Amino acid sequence: MAANNWGRWGDDDERGALNLLTPDVVKAAASSITKGKVYSLGIPIQGHGVPLMDYRGTPMRLTLQDSTDDGIYEMYGCHKGTGAHEDVLVMASHTTSHMDALVHVYGDYKHYNGVGHDTMHALGGAQKLGIDKVQGFAARAVLLDMVKYFDEDNWVTLGRNITGADLQGAADQQGVEVRAGDVVLVRTGYLQFWWQNAPNPTPFEQAGIGLDAARWLAAKDIVAVGCDNAAVEVIPFDENDFLAVHKVLLVDHGIYMLEFLNLADPAADETYEGVLTVAPLKVTGATGSPINPIFIG
Amino acid sequence: MAANNWGRWGDDDERGALNLLTPDVVKAAASSITKGKVYSLGIPIQGHGVPLMDYRGTPMRLTLQDSTDDGIYEMYGCHKGTGAHEDVLVMASHTTSHMDALVHVYGDYKHYNGVGHDTMHALGGAQKLGIDKVQGFAARAVLLDMVKYFDEDNWVTLGRNITGADLQGAADQQGVEVRAGDVVLVRTGYLQFWWQNAPNPTPFEQAGIGLDAARWLAAKDIVAVGCDNAAVEVIPFDENDFLAVHKVLLVDHGIYMLEFLNLADPAADETYEGVLTVAPLKVTGATGSPINPIFIG
Amino acid sequence: MAANNWGRWGDDDERGALNLLTPDVVKAAASSITKGKVYSLGIPIQGHGVPLMDYRGTPMRLTLQDSTDDGIYEMYGCHKGTGAHEDVLVMASHTTSHMDALVHVYGDYKHYNGVGHDTMHALGGAQKLGIDKVQGFAARAVLLDMVKYFDEDNWVTLGRNITGADLQGAADQQGVEVRAGDVVLVRTGYLQFWWQNAPNPTPFEQAGIGLDAARWLAAKDIVAVGCDNAAVEVIPFDENDFLAVHKVLLVDHGIYMLEFLNLADPAADETYEGVLTVAPLKVTGATGSPINPIFIG
Amino acid sequence: MAANNWGRWGDDDERGALNLLTPDVVKAAASSITKGKVYSLGIPIQGHGVPLMDYRGTPMRLTLQDSTDDGIYEMYGCHKGTGAHEDVLVMASHTTSHMDALVHVYGDYKHYNGVGHDTMHALGGAQKLGIDKVQGFAARAVLLDMVKYFDEDNWVTLGRNITGADLQGAADQQGVEVRAGDVVLVRTGYLQFWWQNAPNPTPFEQAGIGLDAARWLAAKDIVAVGCDNAAVEVIPFDENDFLAVHKVLLVDHGIYMLEFLNLADPAADETYEGVLTVAPLKVTGATGSPINPIFIG
């Protein structure tokens, strides 16, 4: 494995591992659809009952137009009894199920491909590596059910550091192979833990991948990793290094991270392979986006 | 064709034509992926340079956290030079490329399946038929390039009422078939018109489908129709009836509408068939969602 | 006392008791400034550490422009090292210290002066009685310190129903007189209770005025009543009638209500009279506004 | 005149010229109320029909709760026909009529009193000199009607640089004196120009004070200057130095700036003296606030 992917797709590259998704790779991925079952992996966006972080504010859906506005379209030929409902959304780009843009995290003051951390401007937004560079993608996805692998009842013990050997073990047990250009979905059961214990304060700890697994995934040349916890990575952070796994995956390798995906349904169905489409909102200059990945098994 | 789909999937159904997407239909759709080319159909979300409607406000990306916050994570073992960028989004649910929930439009004070227009509450949101009921879906999609069919240079003449015969003609010319369970993508070139003429005020007129085409599509038993204009339907409205086509598709038949999709790239490639995934944000009780559909040809 | 003030200032009146504030009344009020001490009665607007109601969302201050945007004004003759900081605010109109517009509450489907409750439109806002009709005002204000009157240590017992006789008793003890055209500021100590007990969940109960005091105040022909609790009125509501006091003051008499004002400082100084200015944001069609009243004793 | 006010009120001072407002000064100011006329100087906050700057977004009033939510308070003893209307506000802190905090502008990377420009954090907000330090104030105010002084019909010629001699000339003509601790309100008629010419694009030019007048005002030891234009200062900027006047007043002297105040009504009444109260929203860490100053003549 190269120490990192900087320069691998050109010095000006802003898409990182998405470069692996050539038409041939996508076409091959299509053959992993065998059941025709479709899973929506996003969790609800609402002000309560889902894990939220205080500093990101409460997501709000505010009504823009409702039946009290009856009559405003008369001049456009609106018949009595016809009308429209609309709303406005206010939410952090990293609310509930979301995707990190490559501009999200930096280490040693650098983002992926050596882009300086000052590429993010308050008013101007990300000058490079923003979520708009992702466009959206489709890839083969492999789900690794670590709850099952560790033979846990509902969730992996909070704080457990999942290793590369663990991921390989789960893949072997499930009879699936992780290939270059894949998205790897790692199920820890964290959301099930959260829902069972909310609204009592949950501890900061979560099971997740550590540095060893991050390097294992990078060596596999994957495109993205998705997880059902807050940050993909184990907390407390591996080596007590804040965002250690983000720095290996996002910063060093341009491998994307998808967080708070609900993986319980495909796991229950033992749907371990399929096509995953990820469609971030194309907000110019944003650092991430709420997402609702579609997994077709 | 039945007069409508009310009751067809049960009196309490809230998903409408999405019921057509059985695993068998989805599995069959997968075979329409032949090139492995992936198109992101959403247009940028930003405050200028894209068609916006004043009453919906300006979409805003506001920085939540940037490098000026350096140091706030020291207590979590954050190394010097490591940090994160985040933002907050403020946007209408029907901003730029978006999907209408079944609760979006009503006629005769009724939504799809006879749900009263009072199901939408300002604070409570949609009690029924909200965008959260969609979950997200994958379907076979057929792109009908009406710009090519009408032999126009760049866009269909503003205000032209596209008929069912026009759609059938385009399908025939392109050698594709519209099937039950499909999404039909209708290209009018409106976005290309808008970008060529902005920021000068554009007229209210747009080419789009009329009542005849709406009934033709409903008879085909499709799941959704997507278009590159503001409302799918022709403006001025057919029969001067405000939202006439919405009432046939969304209200009567539970057929979803996807607006402001950029269809220029697949049209240029003559990619007329494929799998489309649509992943609205799962905002509880919302009337629609910005989307970025992924079209895999 | 008239049963209500409907029609008193004309059938189309939208300002209610503010009509009492003639130049002569304001000029006379100026003589109540004797110390030159200025109190800002608003409490901080922030996401934590102040009483917030979940359904109103978390108030957010989001940075619009900071030093990371350095250089964007060069074209306007901006010298190196010169720049500007700005933000965007997202908050409920009834966040922390706020003023209710006459359109805020209705009873028997009517607002003040018989205006129907359907005057409020989701998109269009208040067609009548909105906060923009207030403009802002200056009046003589009298502070009644009920904590002192009831000889409590820090706050009036939660849930206590303060009567007209209590208000008169406090005025007599303090040697102040309530006159027509006054604002009456009623201190219950609720904010001090809240700050001492937060962030533990506080009970719903609060001391406040009941129907008897509301009628007493209306008979005095005051312009507004301000309080340091959430709703001016006692909770549980008097006669178990939701918003009973709002209906007497706001609906029947067009007397304004100012909530969550911090009255501790003037009370500590025994500053019981002065001029109060109230300056709601002039948001067209809004139902209220955050305020920061200035009390000059 | 000292070169600046840094250190004058202590090295840690964050309130600048507001320190001049001692009780004696405020008490003396009260005697300037002679008519009892009250003027609300804020202009409407709405999405159109008022001068807005694109990068600040459109101010939005969004309905939080309306009559479609009928019934949600039944459990609290809510009678049939009783209810409440509420909204949420989204607006820039420098929207329409507003006050700049001392943290708003910096020159040579320094704010007032030598505070570094890095005191503003994206997430954390202003660590020093935020609008919350203002609290709100009352002061004597003098209105200088430059439209009348220059004998213009409706507004001062766009781009005119108003000097200290001009301000003194207007004061003399009006028979008023500018004293230490005053707020000086400078009327240019810009808002009247804007309303007469909107919605046609207005030129960037505006009449306003230049460096000479800024130094004249600083020498008078005033507390704040208010104006009816976008930035108090003349545009194009004096000496082609971006925010030149802000740097003299706000940065060097801690003198506050109030922008987009409508001064037409008191000017029409020839109300040239009075008490002004300014009550910014006490948003912790904000760089400014919309305001609605109350001028009592």
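Each chain carries a letter (A, B, C and D) given by its place in the written order, and its residues are counted from 1.
Here, a residue touches a chain if its C-beta (ideal position, glycine included) is under 8 Å from a C-beta of that chain, and two chains touch if they have at least 3 such contacts.
Nothing here was measured: the structure is a model prediction, and the numbers come from that model.
Taking the definition of touch as given, a chain qualifies here only if it contacts chain C and chain D alike; those chains are A, B. Overlaying the C-alpha trace of chain B on that of chain C calls for a turn of 180°, given as a multiple of 5. Averaging Cα coordinates per chain places chain A and chain C 45 Å apart.
With centres taken as mean Cα positions, chain B sits 23 Å from chain A. Each of the following residues of chain B touches two or more other chains: 55, 57, 60, 63-68, 88, 90, 118, 120-123. If each chain is drawn as a node and touching chains are joined, the picture has every node linked to every other. By the touch rule above, chain D contacts chain A in their complex via residues 55, 60, 62-64, 66-68, 88, 90, 122-123. Here chain B touches chain D in the complex through residues 47-48, 54, 57-58, 60, 63-66, 68-69, 72, 90, 118, 120-124, going by the rule given at the top. Residues of chain D that touch chain C in their complex: 21-30, 33-38, 40, 42-46, 55-57, 59, 61, 63-68, 73, 76-79, 81-94, 97, 103-110, 117-118, 120-123, 125-126, 132, 135-138, 236-237, 240-243, 247, 275, 277-288, 290-294, 296.
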